[in-house]
Amino acid sequence: MLKISIDKLSALYDAIAANNELILPVRKAGVVDYASYEEGADVAIDTLKTAKSPKNAFFPQFETLYNVNKKIIPTDASAEEGACEGAGVALRSTLSVEMAPLVDKDFVIFGIKPCDVKGIEVLDNVFLAEPVDNFYKARRDHGILVTMACNEPEESCFCSAFGIDAADPSKAKADVAVWMADGNLYWKAISPKGEALTESVKSVFEDSDEAAVEATKASIEGILAKLPNANLSLDMWGKGVLDDRFYSPVWDEIFKPCLACGTCTFVCPTCQCYDIKDYTTKDGIQRYRCWDSCMYSDFTMMAHGNNRNSQKERFRQRFMHKLSYYPDKNDGMFSCVGCGRCVDKCPQSLNIVKVIKAFEASKAKEGQA
Amino acid sequence: MSNVIDTLVPKVGVITGITDETPDVKTFKVNAPEGGKLFEHMPGQCAMVCVPGVSEGMFSITSSPTNKEFQEFSIKKCGSLTDTLHSLQVGDMITVRGPYGNNFPVDTVFKGKNLLFIAGGIGLAPLRSVINYCIDNRDDYGRIDILYGSRSADDLVKLKEIQEVWMNVPNVNVYLTIDREQEGWDGHVGFVPAYLEEIGFSTDCIGIVCGPPIMIKFVLQGLKKLGFTDDQIYSTLELRMKCAIGKCGRCNIGNKFVCKDGPVFRFDQINELPPEY
Amino acid sequence: MQGLIDRLKALLADGTVARVIGWKKGDMSYNPTPAVFNSAEELDEFVYDGFCGANLSKMMIDATKLEGKTAVLLKPCDSYSFNQLIREHRVNRDNAYIIGIACRGKLDIERAKATGIKGITDVAGVEHDGADTVTFKTLYGDKEVAYNEILLGRCYMCKGKEHVIADEVIGESKDTAVMDRFAQVEAIEAMSSAEKFEYFKKELSKCIRCNACRNVCPCCSCRKCVFDSTKFDTQQKANVDSFEEKMFHIIRAFHVAGRCTDCGECSRVCPQGIPLHLFNKKFIKDIDTFYGEFQAGKDPEAQSPLTAFTFEDVEPKIVSERSKG
Amino acid sequence: MPMINGEFRPKIVAFCCNWCSYGGADLAGSSRLSYPADVKIIRVPCSGRVNPMFILRAFERGADGVIICGCHPGDCHYSTGNYYARRRMTLLFSMLEYIGIENGRTRVEWVSAAEGVKFQATMNEFVDKVKSLGENVRLGDLRCKD
Amino acid sequence: MQRIGVFVCHCGTNIAATVDVKKVAELVRFEPGVVHAEDYTYMCSEVGQQRIIDTVKEKNLTGIVVCSCSPRMHEATFRKCAEKAGINPYMVEIANIREHCSWIHKDMQEATEKAVILARAAIAKVNLNAPLQEGESPVTKRALVIGGGIAGIQTAIDIADAGYPVDIVEKTPSIGGRMSQLDKTFPTLDCSSCILTPKMVEASAHPLITLHTYSEVENVSGFVGNFEVDIRKKARSVNMDKCTGCGVCMTKCPMKKVPSEFNRNLNTRTAIYTPFAQAVPNVPVIDRENCMYFKTGKCGVCSKVCQAGAVDYEQQDEIITEKYGAIVVATGFDMIKLDKFDEYAYSQSPDVITSLELERIMNAAGPTSGHLERISDGKAPKNIVFIQCVGSRCNDHRGKPYCSKICCMYTAKHAMLIRDKYPDTNVTVFYIDVRTPGKNFDEFYRRAVEQYHVNYVKGQVGKVVPKADGTLDVQGVDLLDNKQIVMNADMVVLAAAIEPNPDIRKIATMLTASIDTNNFLTEAHAKLRPVESPTAGIFLSGVTQGPKDIPETVSQAGAAAVKVIGLLAKDKLKTNPCTAKCDPIACNGCSTCANVCPYGAISYEDQLVRGPGVNETRRVAVVNTALCQGCGACSASCPSGAMDLQGFSNRQLISEVDAICR
């Protein structure tokens, strides 16, 4: 295990940034989100929860997939149909497709919390499943995750319900685990990628034992146990519960305050719905993909109708997807990591915890009856 | 530029032929710019066809894989993309990506079986791929019955092929019907489900149904009346799609993605899904 | 609060109303959810306290289409929104029973957390008739904050505690305004052009286009928002470039100009903390300056300034004339 | 930046009402009153038809200046259209100024069908102003530039 | 998307000299939707149109873009052409590459680039065009003429003779206008009232003409074929039906000190009066501002002397509302005020007068009973100086930039008449140019110079200085001799510029008719539609359109009448199909659009709305296409974009913006 004094963290950042793009929590106009480490960046490394999840680094809110270019070229076959007549040289219009470049430089996400690491695992199951999404894969291949223990978890956190250990990031599927304890940052590589990164920045560290880390782990565990939703029951959810939950009357009332905005979706580390759209450019189009939300009324709208026409259906879709459909497809793994961002951010204070609790309550009521 | 080809990135296709099928359906022949087919596919599979700048949409490939020269899409005019497609000319370029989705089990379950195809309107498009595949491999399948109906005689897609090819293949029976009486039409008149019961097919076959939702509903009832069970009836579904590879989150019905796990479903599978289609 | 619940139960019991729109206790002590109550039994979960900031008037668009009257609890500022909805024929007044509910300013949990409070397990002193001090029990020890220290930003610029429409008013409100409504707008107006641009660029670049501001806004009651339709070819979901967010927010503010009651919900709900009310307030201020004072929602009969004119209106060049460059 | 012979050539969209200003532009044309080719005119029935979305769209797509021309107040072919336009544009321009967009990029001018000279003068002035402001960086869509 | 043919017109060399038309056709060939592009010398010619028709049929076109002159010029031509070719006329768009391009740019490359961009915008628009059908609206077969001068009278008589009822609204108590103030007319020197009075009587007696004198137009609503006009009939205080026109009241009226407007305030009239002896109708009015009875409540002489009992002090203004199919504006002119030309001492000396005042002085019914006298002392002037172009052809803000057109001729007339009647009077005319185009005009002017020896001095007068002896020193320049001259005169006559009647602004606003910088009404086309306003159903007669003499006025009055008759002869009018249309699925029913509609064309109704995900009855906006004039104010105000304007839809305009900014 290595350590560096928290006062000297900028030396570590500089060392990492020397060879990689460094992405870490940065405060901008009062809000902390993951952003590039660049001059003047107001790094807020002790932020427990960034407003948005770091999924942007792998699955950006907007990315160009390819360009379709329209070119007008001379053609020798002037008699060919579709060629321009009478304009001297025979011309014809052609299309060519140019795929956007894939990410080919390493980057480091520093300070990512264990729940968000799990969130990336959730995305992996979607984007790396056949057929592989190469845009995502390139970023995954080049992304190095430095995950940090959550020293002071808050009441909106419920990651432990999903088996995530906020005290011990070394259990996460990341590359380096770090802790902040007694004025130092402790560093431990947990993957070959992590070891390579460690090697390149080793000079800024000194060796250390694990005593301080162990103490911090114990303290965090103590707090985690006291969190109000530490023991949130997921018994009613997972594989094979589709029919029972889908038709539940709980949905009939609970969705009502939902604004149909995309706040929960866009701050969520696991939501991965996207839209593909065209932008007309000078000589063709740019086809891009951008985040979309299943909560939006036009998400499934077609020319002749909408298969999820009411907000109830759309609301149900989001939670059924996270707690039932996704587990069905991924061996019981939930598409929620308990980061609690939706708990903090929902304009109407409606969130996945309330949904889970509402189902529990309705089951308890049925039990009584 | 990357050499990696992503499944989201399409190929350029050239329209090499356009046939007016009905007043609002055209069949487009598509080739690679250098000639030949853009890709190989199986009957029932779809592709994303796109007019850049307008939009992209999922269409079933209506030609049979046994056609080695080109692929065909029969497309009905019903929105901005299809409107634009209908205004294109031979020689114009579009982009195509695919094939996507599963296919009818022509090499497994269907093999050696009698097949009953029931289609309404543009619903013939996905089935035509299977029918021609079966006709081209005629010895692999038993009796083939085709029941096809449309609003009017003018709305019967691929009528020429039906009359000149299908009707002349041994052990293939074609039953055509139109919704309302029409001058010059001496065939059957009436809705498909009604005609189905009138003919009364035996249950020794696999039913393959495609058409408007309301027709499917009544055909299904009709088939059940005749003694068919859900697990011997197949259909294809259609929902809004963007990625076509089960990632964009749009076309799921419960835990199934129509684009990836479908579009071909057996009715007993469909019955297990929530009613969101 | 029990008195309030009893009154609501009585309204349900005597058939005056068929349902009540209010707030339901949250799973934590600071996150009540707007909810529809159909029975006396459900009302046991009713809550009204300092965290009930949500403006419920927009829920009445759907509720007043239902059979029977719907009771809704409206704070003074919410009542303006309801009036505006009447003006635009979006709610059916005859199907609404409006309970004007008193307000002593609503609390902003983010502002509380910004003082260093975290790991909250319980909150006390937030009832309407509660103490002047709010006590937070947290995993990291208890903390006390003055009630008035942690209000929503809008409450410090409150336009008054009078209900402009109500069938009955319950409780007594306390004034919370401590600053001029337009002080923030004036501060920006005083900046140089480059400073203004930098300020808004920084704020707006945080926007994630979640549409919370739009969907919560009682004025944004369009059945189909232009940004969701193909009417203007503006069907964009993400800020795919530096312009998108500006376009969205300018147009949104423009569409509600002359209709916005300044309820402040947009800024309250923004997950990225963008001070969106600064757009709306700018329009309100300009309208007041150019065309005379106008408070949307005050009078459901009043003509919106953008659907009216006078022959002597200022010319658009006023903007460059008074600009500092 | 679009340059011709080392000179910045702005993209300018002019919305002209059919009854007055478009006629004014026609008169400028038939009187051979020259103004820069950077100005491209879109015919609208009335200045009151101009939706703020059009103006922002033009800026989004890379316009450097947008000018709206209509009948003089009181002379609107439809009686009142330009009065509404006047209010809309005043508020919109004020908002653009407020978020830090140079206000010289937007303008409203009342030009009658008889004012070919005024049309020319207005366009010359406006083009000069926009040229002096340079390329529209603050409002432009980055993807549009080549 | 459409199948578009692009037709680029050379317009001879008008376009082709500056725009590389072949290149334009070539470059737009691969724009989305374009299946054909060609250029031709004159697209509007028979041959050009036939090419379009042939191509439409051959290539199955659904849309047409013509790159040519202004749509205000030939849009209608090409729409008709499209119709002949069998496609909807509204599938045509014009790219204006002449007025907006070739005529104003010199550099071929620059102009060609611009032409391509304008063509692209039109192509982008036409791709989104939809076929539109013209509606029909009925025509009220009655015309209104505003102004009862010679222009209005002639128009009214011509319309009425064709069998359509006409109302004349005249602000003053009598019809007749400026012409009734004139003494003789050039170049024939016949007596003005001798030729006018029969016309006045004819108008008054015509069974299809209704006169509303002493009346003003108060409000106008509606549109071509269907105007609704409020007319204020000011209280005359004399019952028109009872009055016999005996005139006793006027002779007995004790208030005799009211300046006579008719005589340009050179003398006075009574408080109850007719403006002049031949007034039509010959019914006096009481000028309430000056009447003793109305001022003090005492008097009542006129009422007492009136044997017919026609005087009615209680009469009130009355507002009548009438419907008309067409409106003719014939509001005429006035002389400009001379306060800005004080160097001519008009305000300082009563002997500096305007030509119109001289007209009254020379008139037998005028203040001096036709004797040429100085106003100051009643003496016959021996030296008279005429000063031309006072306020006309004036480059600064004091006067008018235009030529008033009639002054040269009436001055020649005045000079000649004076020299004829008073041969011992010296007459000098200071002029900039003498303009005499017109039948027998130059001959007339030469007679003045050659036969009557009027002293014409080319040059301007700098100053007129009243002297202590009552004469005037005229300081001028003789440009031909290039010398300063000072000339002593007994009388100076100023040929003041004429300007449109000051009421025209108010009237034009009511009519939504456009007006130029000089307050003359704009014609729909300067050459081809000179008597029509761009606003459908509004016609121009007389000086309201621009300076004219009497024969011109009368011929234009007749022309306007013909246009009106042509309109009234139709039973139905085609209505503009570019009307607003509401998409009920997106409509909020918020009433914003109705609040800005100037025609009250938008109403609300509960409608069953069905669409993707919608099936309910709700309040939505409905447009009455007969009332909608297609201004688009509603669609610019609609937040959801539900209200859109056909032909200028949001998508169409945005696609134009995109094409231009591409």
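Residue numbering begins at 1 within each chain, and the chains themselves are lettered A, B, C, D and E in the order written.
Following the convention adopted for this analysis, contacts are C-beta pairs under 8 Å (C-beta built on N, C-alpha and C of every residue); 3 or more make two chains touch, one makes a residue touch a chain.
Because the structure is a prediction, the values reported are computed rather than measured.
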| item | value |
| --- | --- |
| Chain nearest the overall Cα centroid | D |
| Of D-E and C-D, whichever chain pair has more C-beta contact pairs | D-E |
| Chain at maximum distance from subunit A, centres defined as averaged CA atoms | E |
| Geometric centre distance via CA averages, subunit D-subunit C, whole Å | 36 |
| Centre-of-Cα separation between subunit E and subunit A, whole angstrom | 70 |
| Subunit C-subunit E separation of Cα centroids, rounded to whole Å | 54 |
| For subunit E, residues contacting two or more additional chains | 596, 637, 650, 654, 658, 662 |
| Subunit B residues counted as touching two or more neighbouring chains | 53-54, 89 |
| Subunit C: positions in contact with at least two other chains | 226, 230, 232, 240, 306-308 |
| Residue ranges of subunit D in contact with subunit E within the complex | 4, 11, 13, 18-20, 22-23, 25-26, 28-30, 32-35, 37, 40-46, 48-54, 57-58, 61-63, 71, 74-81, 84-85, 88, 112-115, 144 |
| Complex interface listing, subunit A residues touching subunit C | 28-31, 33, 48, 51-52, 61-62, 152-155, 223, 226-229, 253, 256-257, 259-263, 265-267, 275, 277, 279, 288, 290-293, 296-298, 343, 345, 347-350, 353-354, 357 |
| Footprint of subunit E on subunit A - complex, ascending | 70, 72, 84, 86-88, 91, 93, 280, 282, 297, 301-306, 309 |
| Subunit E to subunit B touching residues, read off their complex | 1-3, 32-33, 35 |
| Residues on subunit B engaged by subunit E in the complex (per definition of touch) | 53-54, 83-84, 87, 89 |
